[in-house]
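Two complexes come next, and they have one chain in common, subunit A, joined by subunit B in the first and subunit C in the second.
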Partner chain A sequence: MSEAAAYPSTWRRPPAIERPLLRWGLVAGAVLYLVLAVGSLEVNWLRVYEGLERGWRFVAGFLHPNFTDRWEDIAIGMQESLTMTVTSTAVGILLSIPVGIGAARNLAPAPVYYVCRAFIAVARSFQEIIVAILFVAMVGFGPFAGFLTLSFATIGFMGKLLAEDIEDIDEAQAEAIRATGASWLQLINYGIQPQVMPRLIGLSLYRLDINFRESAVVGIVGAGGIGATLNTALDRYEYDSAAAILILIIVIVMIAEYSSSYLRKFLQ
Partner chain B sequence: MLRLQGLTKRYPTGDLALNGVDLEVPAGQVVGLIGPSGAGKSTLIRCINRLVEPTAGSVFLKDEELTRLRGAALRRSRRRMGMIFQEYALVERLTVMENVLSGRLGYVGFWRSYLRRFPPADIARAFGTLDRVGLREFVDKRADALSGGQRQRVGIARALQQEPDLLLVDEPTASLDPKTSRQIMRLLREVCAERSLATIINIHDVALAQMFVQRIVGLRQGVVVYDGAPEGLTPEVLTRIYGEEDWTRSIRRDDDDEASPPVIEEACLEGLT
Partner chain C sequence: MSDAALPQWRRRTTRAELGRWFGWLALVALFVFCWEIMTQDTIWAFVTDAPTQGADIVGRMLPPRWSYLNALWGPLWDTLNIATLGTLAAIVLGVPVAFLAARNTTPSVTFIRPLALLLIVASRSINAIIWALLLVSILGPGVLAGIIAIALRSIGFVAKLLYEAIEEIDHSQVEAVLATGASPAQVMDYAIVPQILPAFAGISVFRWDINIRESTVLGLVGAGGIGLQLEASLNVLAWPQVSLILVVILATVVVSEWVSARVRHAVI
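Take a look at the complex of A and B:
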């Protein structure tokens, strides 16, 4: 009885950083930086005021979207974007499979591993816009540059996630296949593919989504598609046509989102 | 059939898992390999089919030296050695049939296996082995839908599908209940006798090993410290293998015959779902 009373009756979780001085110093430093950073932003309030008015006209355009005046341009842009999306997703995923396998430490020999990892790192470190500018410079304006951009981005995205998936597999299953005397390709097909396939399909559908949205963005720098049409409309201050284009993009993204989540559920 | 000479394995971490193991297993003999955790049992059987690369020593299977082989020759020798795992190691998302057929991967080309168009003889053999292990009606089930005992049967069928000369079995019963364990051990002993396979079974359970194997090899810290009949496992020998402990209760007594309730056990085997 008296023994129980001898134990402490309070307990606190030990802090992540032991030394109080360091702990509070870090907090104070972070707050100070934030204050200084906000203070250093130069805001031109007059310009903001003007911009607000332009923004308002834009919003007003949304209330009267104009599908008819530029319908031909819109239709061509849409068609280019959709083609760009589907082809770049298909090509990107096909190419990302060898890259992803090469970038999986448990499958690839060291030189292949480093080459593939480096490629993925490069593909992922550049934003699509920058890549698009590069490809437009290389192959000229139009949807082909957009196709190349999105394929490149897809390889980086899918390759990295696939490689990580392959590194996370249950090694015992692959080992059992290796022990039967299977060749390397058979090992991939029997020991690895069944383990990563469901997620690969899910990610592909997700990437299809992303690529459609990106196809609208890369058009702004001249890589074709609906983005180019949107850019033209904005340049001409045709906010009603721009609104029509944005509404179409939103609708298509929503359809893609809904159908891909449905498909994913169906496949699992 | 199988001969190990001075087999030694030192892992890059510095662990000396095997230290000059000499062992000979004739065709049709079932050897129980016992020893404490970390004794090197798994390393030993993985060095035989080269899932682990031995540091020194050699492995002979029917007078062919395996330790020298590389590439296609290594794969050809692997298909003569069936392996069975503690956690079954079935490919979970494949059907029972695909798992069994994967035992033929060493024999068929890539496209055949990719399109699942195995030679008719292989398919007939797969149905036959599945029938033999009592899973005839589970052909199209996915492997992850089976119970532990059933999965291990599929594991055995996959190994037999290779038509091996040698079975390497790594703790086949460690994840199973006592009764299923006995059924699996009995099945292993029977198929080895039917096909006169040389077999090495790593096993934790001394009493179970004594019931089902013809010969016991005791491993301690990578060295063989006992090699003889199951009856020879006296408390002194067990102390030599595992260290000091009261062994009188874990050794099989003579009246504790495994065949005593045969009718009941076979009946349960049929009703296994």
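Take a look at the complex of A and C:
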């Protein structure tokens, strides 16, 4: 009887953080932050209340999207967005290859490595929309500024991932190519390129998808694309046209996602 | 004894080479076509002038107006709050969606799962700044619009990564807990949640890091944070203030990336 009583009949999960002081300290810190953060919110509830009616109109717009009234503007915006996406992805990937090779520790000499890594870090840190503002200031309004922005962002994204891929390759294959007396270019072409190509293609398709989404954003600051049309529609409180544009963006992103996963399976 | 008598090594068959050649030709043709459409309205005089313009802007930006820094602490706090509260809201809303979308926890594979997936795609396709544009037009400018915009964009991200983690859990642990006679809620608590908790923490911190980046620009459309100051400085062409804000944004992004890397390292 006493043996049965000694056997533990309940079990408690061990806490995620062992030290109680640290655990409760973190909880208290989080609560304090939340109180401060929520306390510093300045919300004009009257304005929000008035906005609810507009919110309903937007939801209604989603149920009855209006493609026809602004169709010409939407078509031009879409055309700019799509062409911008294709050209900037192509140019960005082409330029990211030398940058990526330069940023791979096992291929590039130290000075080139640091320059390329610094370039990638800068290109990745700034949001597309900030870069777009600067390019619009430089080359004027229109899709060309958007093209430059997206190319710049693509170089940072692809360059980083490509460099990491090159650093992860199987050295034995590169060594074998080197042993045949291959030049540096032949080493890249026969020793490195076949190993990174499948992932490079996958990433390129993924970036195409991202670039299309971003092309909808850069238009807000005047760099062309569907974002400009959307901005105008919202400025005029034309929620049904805005809903039509958003639905088009969602549908195109869905198509791009499904076809790129299909293409990736086909290519690999 | 000429070389021609020996069979030459080639990587691909003639057919495969031709196929590849036409594939590349089609890509180049698509690129040229898109390029022509995109640049039909480009004013090349502005583009060739861009290096001069760029140098001029950089000249105006330097040195940054350091005294302006004191005006930025408030907006920076707002930016932090937008990102953090937005991420929290996205987690609260995204976790149920993830459980509805995961094949092994959804109540109905044919009915509810596609709905949850559609919600995820819709949320992911629209960039936070576009959500912000929309919400500013509905709710009026302010931090609240920014928080909701960040939340709406992040729901899809959190839910997508989390439902993939849920689908990959080890089923034998679920069976073991079921064998003790546990209720569905207990199975969730003791078998499923502990398995996805590390992934969940990683995803949340990763998204918080991205949201810090995104919330720095939401002010451009009026949704609060440091972007408001950026917009104001751009409108009055106060380039020394713009460069200071860019430096602050860069520093914030670097710090948030460091924090997120440390937390992910500690959790996983």
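Here, the second predicted complex is superposed on the first by the 236 of 268 C-alpha atoms of A that agree within 3 Å, B and C clash if a C-alpha of one lies under 4 Å from a C-alpha of the other, contacts with A are read in each partner's own complex, and residues count from 1 in each chain.
Quick note on the criterion: a contact is a pair of C-beta atoms (placed from the backbone, for glycine too) under 8 Å apart; a residue touches a chain by one contact, two chains touch by 3 or more.
Because the structure is predicted, anything quoted here is derived from the model rather than measured.
Among subunit B and subunit C, the chain that touches a larger number of residues in subunit A is C. Once chain A of one complex is fitted onto chain A of the other, the partner contacts of A:Gly227 are limited to subunit C, with no touch recorded for subunit B. By the touch criterion stated above, A:Pro143 is placed in contact with subunit C alone, subunit B being left untouched.
Once the two complexes are laid over each other on the shared chain, residue contacts for A:Glu175 go to subunit B alone; subunit C is not touched. Of the two partner chains placed around the shared chain by superposition, subunit C is the only one that A:Thr83 touches, whereas subunit B remains out of contact. Look at A:Ala163: by the touch rule set out above, it reaches neither subunit B nor subunit C.
By the touch criterion defined above, A:Ser183 lies against subunit B but remains apart from subunit C after alignment on the C-alpha atoms of chain A. Touch criterion met: A:Gly191 reaches subunit B, while subunit C stays clear of it. Taken together, the two structures place no residue of subunit A in contact with subunit B in one case and with subunit C in the other. Here subunit A touches subunit B in the complex through residues 170, 172-173, 175-183, 185-186, 189-191, 194-195, 197-198, going by the rule given at the top.
Of all the residues in subunit C, the ones that touch subunit A in their complex are 27, 30-31, 34-35, 37-39, 41-43, 46-47, 50, 53-54, 57, 77-78, 80-81, 84-85, 121-122, 124-127, 129-130, 133-134, 137-140, 142-144, 213-214, 216-217, 220-221, 230, 234, 246, 249-250, 253-254. Here subunit A touches subunit C in the complex through residues 33, 37-38, 40-44, 47-48, 50-51, 54-55, 58, 79-80, 82-84, 86-87, 90, 125-127, 129-130, 133-134, 137-140, 142-144, 147, 213-214, 216-217, 220-221, 227, 230-231, 234-235, 237, 242, 246, 249-250, 253-254, 257, going by the rule given at the top.
Contact residues of subunit B toward subunit A in the complex are 49, 51, 75-79, 81, 83, 85, 87, 89-94, 98, 102-107, 110, 113-114, 155, 158, 162.
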